Structure formats: structure tokens, C-alpha cells
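Once you scroll down, you'll see the structures, which are given as C-alpha cells.
Okay, so chain A shows up in both of these, paired with chain B first and chain C after.
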Partner chain A sequence: MNIAGMGVVFTRGRGAAALEQALEQGWVAPGTVAVPAGSAPAYVVAPETLADKTVLAKARRADRFTRMAVLAAADALQDSGLAGRLDTSRLGTIVATALGPHTTTFGFLDGILEFGDAGVSPTAFSHSVHNAAASYIAMTLDVRGPTLTVTHFHFAFHQALLLADAWLAEGRCDHVLVGTVDEVGAVMAYASGRLCRTPADGRIKPLAFATAPEAVPGEGSVFFLVSRGEGAGYGRVAGAQLTAVPEPAPEGAVHLLDADGLSHDESGYRAVAREGLPVASYAPLCGSLMTISAFHAAVAALMLRRGRRYAVPVPDGAGDLQVCHESGPAEIRHVFCTRLDCAGNRVTLHLAR
Partner chain B sequence: MQGQDREQELVKIRAKLKELLVSNLNMEGVTPDQIKDDDALFGEGLGLDSLDAVEIVVILQRNFSVEVKDMEKGREIFRSINTLATYVYETQQAKK
Partner chain C sequence: MPACITGIGVVSAAGFNRADTLDSFAEGRRHFGKVTRFESPLDVPVFEVHGPLPAAPAGSESRTLQLALHAVSEALSEAGLGAGLTGRRVGVCFGTTVASQLNDMDFYTAYRQTGTASLVPVERFLKGNLAEAVARAIGAQGPRITVVNACSSSADAVGVALAWLRCGLCDCVVAGGADELNRIPLCGFHSLSVMSREPCAPFDRDRQGLNLGEGAGVLVLETEDAARRRGAVPALDVLGYGAACDAHHLTAPRPDGTGLEQAIRLSLAQAGLEPAAIDFVNAHGTATRDNDRTEGSVLARVFGPSVRVLSTKGYTGHTLGAAGALEAAFTALGLRAGWVPASAGFVNQDPEIPLEALRTHTVVRGRYALSTSLAFGGNNAALVLGRRV
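Right after this comes the complex of A and B.
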């Protein structure tokens, strides 16, 4: 499955160029989000990042969750160079999310509590469902192929990739826009603050492999245009399976770990990190995010495209592991991205040149 | 004197309606003071559509305790800020 285009919306901006710039610049302190007790640190997407009256011309009513997804999907299509040349009846869309548009969902529920079921906003209702973003993407980009939303707490992106591969394999589509979106709202920030430890300086330390890690919630959307045919500008997805990195690891491999502080115990990531295989995690650039796997896949795609490795933004605690400390040219041929869930289940995504 | 009270009350209702429409209908790039009292809300005017009409019904209910049950009558009520404000005022007065 070839990656022909990529779109990214995250706290540092929009587009592959913004991601590359963030990777080169390194960590910056997070912003804040309002919570009942005041404010909490969060890697939020700036309103100006979502201000696009061209792409979002038909999305006046869309909430932030949907806006992030539409912009990332539109950018992936544009980035592929195939916009306007694709048969959109053969273009599918798969949106993966862990928590859906929960800000709108809770707003809708608050409306029922406050005004009764007859006094609740119909717009809030229609946007509170997880499939709203996929509908907007289809409408905005004139996608006429199959459209689906996948919700999974830990492995949403991997499930979506497997489905995209199946659609391409059975000839249902020629191309698929596949990606993730998740948002930070007051509820998410409150829950994160209650369930996870929050670092005083806002720095997530993914390579500390802590048994009680620290999290700072993040948000964003990452989309890829994938196909079996043309366009391998960012390499290819060679596998997304319940596997480990092969032993021995192939030449020119890098291992990205999806540790971001949201698990109760991240020591399992230390166990899957292989001696002698460079490891990295870029969670401090996007925040703690249940769909961080897609963000890491975007970093992996950039590594493969540019032939470049990027310094980890927060190397604290990596110990004797071989960590990417400096950015620079590198002969990268394979990138493995491993994600663990709270029960220790593991999925390793393999991107190759 | 009664006419003055009515006009003062209508001014307040119009101002509140404009704020509510801008914020609740995500009217990007439009500020409340840019909406004229007689501007058509739908079609060529402010460009609102039938989904916005349903949202306005909820706005009236939530903020003014005013219901619009007859959508045929709603066509006239929803024509402009002026017609909306007048309907709100008269309905509230009738309840007193």
C-alpha cells in the first residue's frame, strides 16, 4: 500500500512542512485549555490553523473536530498531486478516532440536561456523532466511494489501515483517504488531569518508560492518501500486524515508540525497544493522544521521504538505548512504529521505502 | 409612554437576537452590528438556510421561552431581525 500524500493538523500548524519544521525545531511548551478549575496544559490546535475559508467553505457548522479532519484529508489529497485527476467514485474515506467529537457530544448532553430534549440544538445533535467528520470530508472533497468511521480506543489507526488495505485488495477502491482525528476539550483535559500525572513543565517524557508516566493531552488529525498504484512519495505501508520488529532488524531501520503518558504503565515500551536499533518518540511535539500512531506514521513517512532522522524532542530517561539525538541525513529504509495498549497487546506498523 | 417602552424593549431584543444568531449559527466573519434590522435572514440576505431555521426555533425557545410551532407562520416571523423581535415581544406580552 503506497502513501501518495499526507496531511497533518496539530498544535504546531498544518501540513507536512509544519510537521517537518516542528521536528527540526524540537519541543516547545504546550498551551492551555479551560477546565472547571481554571486551565490545564494541552497541546491544542490554534484557531488560525483551522481558519481556511476555501476548504471549509461548505463547513460553516462544522466543529473543531470535523474541521481538523477535513483540512488534513484535503491536504493529503492535495499533497498527492492527484487532486482533480482521481475518479472520486473509486476514492474511499476511512476516519479513525478514539474518542470522537466528545466536546460536541458533551455539549449536546449538557443541552438536554439544561433545556430538556425538546430544547436541544439540532446542529449539536447531528455533529455529536462520530461519523460527522467523514460526512464532511466526503462532501467537501466530493468523495463518492465508500466512507466509514472506525472507533477503537487503542488501535483505531491500525484498524483503519487494515481496512483500507482490504478495500484496495478487493478492488473496491483505487485510492483511500485514511486517517485519524481526536480533540482536546474540557472533559478530556479534566479526565487526563484526574487519571494521569501532569508534568509541571508540560514536557512528556516518552523515553522514560515510567510505571506512572506523565501526560499532557494533545489533539490533531493526520490523513494519508494510499493506493496500490501510483505515488509512493512517502514510502509504503508494509504491514500493520500484531507482531514485533523482525529479528534481526533490517538494515536502515528506526523504531518509533507510541509512548505518550496516557497508559498507566509504559515500562512495556522498554521491553520492546531493541538494543542497537535506534529508537525515538515524538509525542512531546503533538501531546498525549490515543491516535498518536498516525502522527508517528507521518513522522516515519517524512523520514523515508527525506532520508533524514530527527532528534527526539525530549530524550530524558532513555538510558543506554540508542536514541536519535541529532537531526541529519540518514539512510533510512524501514521505520517500525510500536503501540501497546494497557493490557500489553502490541501492534507494530511497518513503513518501508 | 407605552410606545416608548415597547420600542426600548424591541431594541434590547434585536441586539440579543443578533448576538445569538452570530454565535449559535457560526456566522463566520459577521459581527452582530453588521446585521441590519431589516436584512433578510435567508436566501440572498444573510444566507441562512432551513437548518438554521430549526436552530433559530431552539434559540427562541431557550432564550426567550417563545415557541414557534406553525412553520408556515414561521416564514413571516423569520424574515428579518425586526420580524423576529416583534414576534418575541408580542408573544411575551401575550403571556403576561
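Right after this comes the complex of A and C.
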């Protein structure tokens, strides 16, 4: 399955160029989100990043969750160079999310509490469903093929990729826009602050492999335009659900670890990091995000496209591991991205040039 | 490649299992009433499930999961897989709406009022992804994902299962949908002014809107090889799935129905069938003005005005994320039983809809039927089901 285009919206901006710039610049301190006790650190997307009146012309009433997804999906299509040339009845969309548009959902609950069961806003309700973002993507890009929203707390992106590949394999679609979106809202930031430890300096330390890791919530959206035919500008998805890196590991391989502080014990990543490949994690650039696998897939796709490695933004705890400490040209042919869930279940994504 | 249906499980206001449901259908019984599951000032009829449901696993308790596990148990039992799934590549794909959202009013009220709240509901939510919870409960080790495509969620879940089987990702899929009656969507649909104060009347001239319900529908789907290897003798299949998006509006169907028509034609093409082969259609038929007008027009356009159409929502209410799989299950049961019930609530033809729904219990002799689903977001899904000779 080839990756023909990519769109990214995250705390450092929008587009592959913004991602590349962030990778070159390294870590910067997070912003904040309001919580009952004042504010909490969070890697939030700036309002100006979502202020594209052209792309969002049909999404004027949409919330931040949907806006992030629409922009990332539109950018992936534009980036592929195939916009306007596709049969949109054979273009599918799969949106994967862990938590959905929960800020709007809680806003709808505000309506019930303030105005009663019979006094709530129909607009808030219709935008609170998980598939609102997919609907706006379809309306914005005139996608007429199958349009699906799926949810899982740890492996939503991997499952979405599997399904995209299945749709392409069975001839249901010629191309699929597949991606993720999740947001930081006050309630979930509050919950995250209670359920996870928060670093005083806002730095997530993914290579510390802590038994009680620290998390800082992040948000954003990543989309890929994939196909079995033309366009492999960012490489290809060679496997979406491996249980390990193949042995012997292929030449020119890098291993990205999806450690971001959200699973309550990240010591399992240490064994993964000992498997012999150079390792890296870029969670400090996007924040702790249940759909972080898609963000790492975007970094992997950039590495393959640019033939470049990027210094890890927060190397703390890496010790004697073979870690990417410097950015620079590199003969990268394979990138593996591994995600462990709270129960230790492992899924590895494989992107190849 | 079709997917064999080796087990069916259903629970809704129409019945606590397959046999109960067929009894209700045969006798035309409609079990609606006032909301009893929670306090609500909204005076609208709903279709609740009454009866003892299995306990949900500790830590991920939810009524939606209980409904799902009840139907899963019936389906696995019929499939002969009730003793366990060890050694089999089994996927789980479920559709839902309510179970995907953290809409716990007690938690949120406390949070708003005091700035702090017990996180037990959050932790329960984070352990309660429906497909994951079902997979854990039955010991399935294959792919698992929850589809949240609003009212077509579980029809799409069956479509995902079909794709997994066709691509060799697993040999068996427990596919379905579940949703409990919940205060949040009740308020939401009320705000959209699409709910009826009377029992719903799909496709009827005087229909006033939908009623909400709750339930679960589950199909155990297997590849032919996998079913044969373990000695199962399938009698029913899912033959085709079509899906298409309107790309038109967040809540209203595209008036010309081209998205639904595309989904239906794709499902027929995958099944290798012409429209004339379809004996009956179990329509989405929510009883809203817009849905039924659009859907009825498309069905008449594709199949002709004399197509036999019913909506089972007159027996179940609109079960949201459960509706697609529940109605696919009812369609399969109709093919197997050789009859379908009257379309409850239908009395007078709507001059804007060029077909009539079934007025009476009807004998089915054909081998193929269609189940359609339309959803918020402009999603359209169609499933073709078949009975073997």
C-alpha cells in the first residue's frame, strides 16, 4: 500500500513542512489548557493553524476536532498531486479516533444541565457524534466512496490501515484517505492530570522507559492518501500489524517507539529498544496522544522521503541505547513503529521505501 | 467470496432472543412505553429491553456491553462455538454510538459543580471500547475495532467483517452492534425535532418521526473453509456490502438519494445479483419525513415500485448503532423462516413515496434480500443476504 500524500496538523503547525521544521528544531515547551484548578500543560493546536477559510468553507460550524481532521485530510489529498484527478466515488475515507469530539460532547451535556432535556442545541448534538469529522471531510473533498469512523484506545490507526488495505485489495476503492484525529479538552486534560503523572517542565521522556511515566496531553490529526497504484512519495506500508520486527532486521532500519506516557508502565519498551535497531521517539513534539502511532508514521514517512534521520527531541534516559542524537542524511529504507498497550500487547507498523 | 452466517443473536424490544423476536413479529406485538431506564421529562415512546442481561466484566460495566454479550452468547451458541474460540483466528467488529462516548452525567455534573470528580467512570470508559471488551470477554485474538458511523455503524461493522474474511485476516468474525437507550441521544434526537409522540409508522403518509430503542444484533461470520472444517453446515450468507457517502449534509440525506443508490448497487454487484433477484428489502425506515421519502424513492428506482419493503423499527424503535446488524439479523431470520412480518405502523401510502410497505405477514420464497442503513454524516450502507437451497 503506497503512501501518495500526507497531511499533518499538530501543535507546531500544519503540513509536512511544519513537521519537518519541528523535527529539525527539536523540543519546545507546551502550551496550556484551562482546567478547574487553573491550567495544565498541553500540546495544543494554535487557533491560527485552523484558520483556513478556503479549505474550511464548508465546515464553518465545525468544532476544532473536525477542523483538524478536515485540514489534514485535505492536505494529504493536495500533497498527493491527485486532487481533482480522482474518481471520488472510488475514494474511501477512514477516520480513526480514540476519544472522538469529546469537547463538543461535554458542551452538549452543558446544554442539558443548563437548559434541560428539551432545550438543547441540535447543532451541538449533530457535531458531537464521532463521525462528524468524516462527514465534513466528505463534504469538503466531495468523497463519495465508503466513509468510516472507527475507534480504539490503542490501535485505532493500525486497524484503520488494515481496513484501508483490505478495501484496496478487494477493489472497493482505488484510493483511501486514512488517518487519525484526537483533541485535548478541559475535561480529558483534567482526567489525564489525575490518571497520569505530569512532568514539571512539560517534557515527555519516552526513552526513560519509566514504570510510572509522565504524560502531557497532545492533539492533532494525521492523514495519508494511500493506494495500490501510483504515488509512493512517502514509501509504502509494508505491514500494519506485525508482532515483532522481522529477524534479521533489514538494512537501513530505524525503530520508533510510541512511548508517550499514557500507558501506566512503559518499561516494556526497553525490551523493544534492545532489539538491535537504532531507536527514537518524537512524542515530545506532539504530546501524549492515544493515536500517536499515526504521528510516528508521519515522521517515518518523512524519513523515507527525505533520506534523513532526526535527532530525538528529549533523549533523557536513553543510556547506552543506539539513539538518533543528531539530524542528518541517512540511508533509511525501513522504519518500524511499535505501540504497546497498557496490557503489554504489541503492534508494530512497518513502513518501507 | 461470501461470508457464511453460522450464528445469529438478537435482543431488542421485539424479543429477548431469536425465538421471542419471531413470536413478536408473527403476532405483530409492539413493546413500546415510557422511558423507565432513567429520569426523562420527554414524553415520547421508546422501545426498551426488559429482562435479565449477563453481567459485564468488572471494570468495564455498561448496559451496551451487556446487550452485546447477550446477543454474542446466543450467536456463538448457535454457531457451535459457545465452548470457546481457542485456536481460531477470530476477529471482533462492533458498531455502537453510546458506548463510544464518555457521557456520564453524574461524572460531568460533579466535575462542573466542584471542579473535581471520581474518575471511576472515566476508567470504566477507557476499558470499555465495545469491540475490545467483547473480544476480551470471548477470548478472541484477531483484529478488533469499533465502528462509530452513527446509525449505519453496525451495518458497516458487518461490511468490515466481510472485508477481513475476504482478505484472509481471520477465519471467523463476531460482527454486530449494540446500543443502550441513553438520555443523551434521546435529548439529541428530540432537539432535531425528528421524534414522534406516537409509535413510529415507517413509510406511512402520516408518520411523525422516529422512536428510540435499544438492543444488539450479532452475526457469526466465517469463511466457507473455516465453517466446513469444523463441521458446520451454513444455510445463510452475507453476499455483498456496499457503502457510499452523500457528501451532502451532516444530518439530512441527499434528496436525490444517489449515495444510497450507489451503496445498494455496489452491494448487488459484490453479490453478483441483479435487482430482480432481491425478494424483499428490510429498509432503514426510521419514520422520519426525510429518511423515508429518500429511501422509498431510491428503493422504487432500483427495484421497481412493487418491491416488497418493510421496516422492523416499528417493533424495535431506532436502536442507532445496533440497528444495522440487528436488521441484517432479522433479514437473515426472515429468509430462513420463509416469512417476514408486516411493516408495523404502515397504514396509508405516502403520495411522495412511490411504494407501499408490507401491510401483512408475508411469505418469502426467494433466496436473496437486502438490508439498508442510512446515517448522520451521509453514510449509506447496504447488505445483501442469501439463503442456500
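FYI, the second predicted complex is superposed on the first by the 350 of 353 C-alpha atoms of A that agree within 3 Å, B and C clash if a C-alpha of one lies under 4 Å from a C-alpha of the other, contacts with A are read in each partner's own complex, and residues count from 1 in each chain.
Everything below uses one rule, namely that contacts are C-beta pairs under 8 Å (C-beta built on N, C-alpha and C of every residue); 3 or more make two chains touch, one makes a residue touch a chain.
As the structure is a prediction and not an experimental result, all values here were calculated from the model.
Should the pairing of chain B and chain C on chain A count as a clash or a fit in the superposition?
fit
Thinking of the overlay built on chain A, is A:187 touched by chain B (first), by chain C (second), by both, or by neither?
A:187 sits against chain C, while chain B stays out of touch.
Applying the touch criterion given at the start, work out whether A:53 contacts chain B, chain C, both or neither, answering first, second, both or neither.
It touches chain B, and chain C stays clear.
Looking at the overlay, what does A:122 touch: chain B (first), chain C (second), both, or neither?
both
Could you look at A:227 and tell me whether it touches chain B, chain C, both or neither (first, second, both, neither)?
neither
After lining up the shared chain so the two structures overlap, which partner does A:103 touch, if you call chain B first and chain C second: first, second, both or neither?
After superposition on chain A, A:103 lies in contact with neither partner.
Among the partners chain B and chain C, which is in contact with a greater number of residues of chain A?
For chain A, the partner with the higher number of touched residues is C.
In the overlay of the two complexes, what angle sits at the CA centre of chain A between those of chain B and chain C, given in steps of 10 degrees?
70
Applying the document's definition of touch, where does A:147 land relative to chain B and chain C: first, second, both, or neither?
In the superposition, A:147 touches chain C alone.
So in the superposed three-chain picture, is A:156 touching just chain B, just chain C, both, or none of them (first/second/both/neither)?
second
After the superposition, pull out the minimum Cα separation from chain B to chain C in whole angstrom, please.
After superposing on chain A, chain B and chain C come no closer than 8 Å at C-alpha.
Following superposition on chain A, which residues of chain A contact chain B and also contact chain C?
Touching chain B in the first complex and chain C in the second, residues 118, 120-122 of chain A appear in both lists.
Touching chain A in the complex: which residues of chain B?
Residues of chain B touching chain A: 24-29, 51, 54-55, 58, 61-62.
Once bound in the complex, which stretches of chain C touch chain A?
40-42, 97, 100-103, 105, 108-109, 111-112, 114-116, 119, 122-123, 126, 129, 131-132, 143-150, 156, 159-160, 163-164, 166-167, 169, 183-193, 243-251, 259, 262, 266, 375-379
Quick one: which bits of chain A touch chain C in the complex? Just the residue numbers, please.
36-37, 88-89, 93, 97, 99-100, 102, 105-106, 108-110, 112-113, 116-118, 120-122, 125-132, 134-136, 138-139, 141-153, 156, 159-160, 162-163, 165-167, 169-170, 172, 187, 190-191, 194-195, 241
Touching residues of chain A toward chain B in the complex: what are they?
53, 60-61, 115, 118-123
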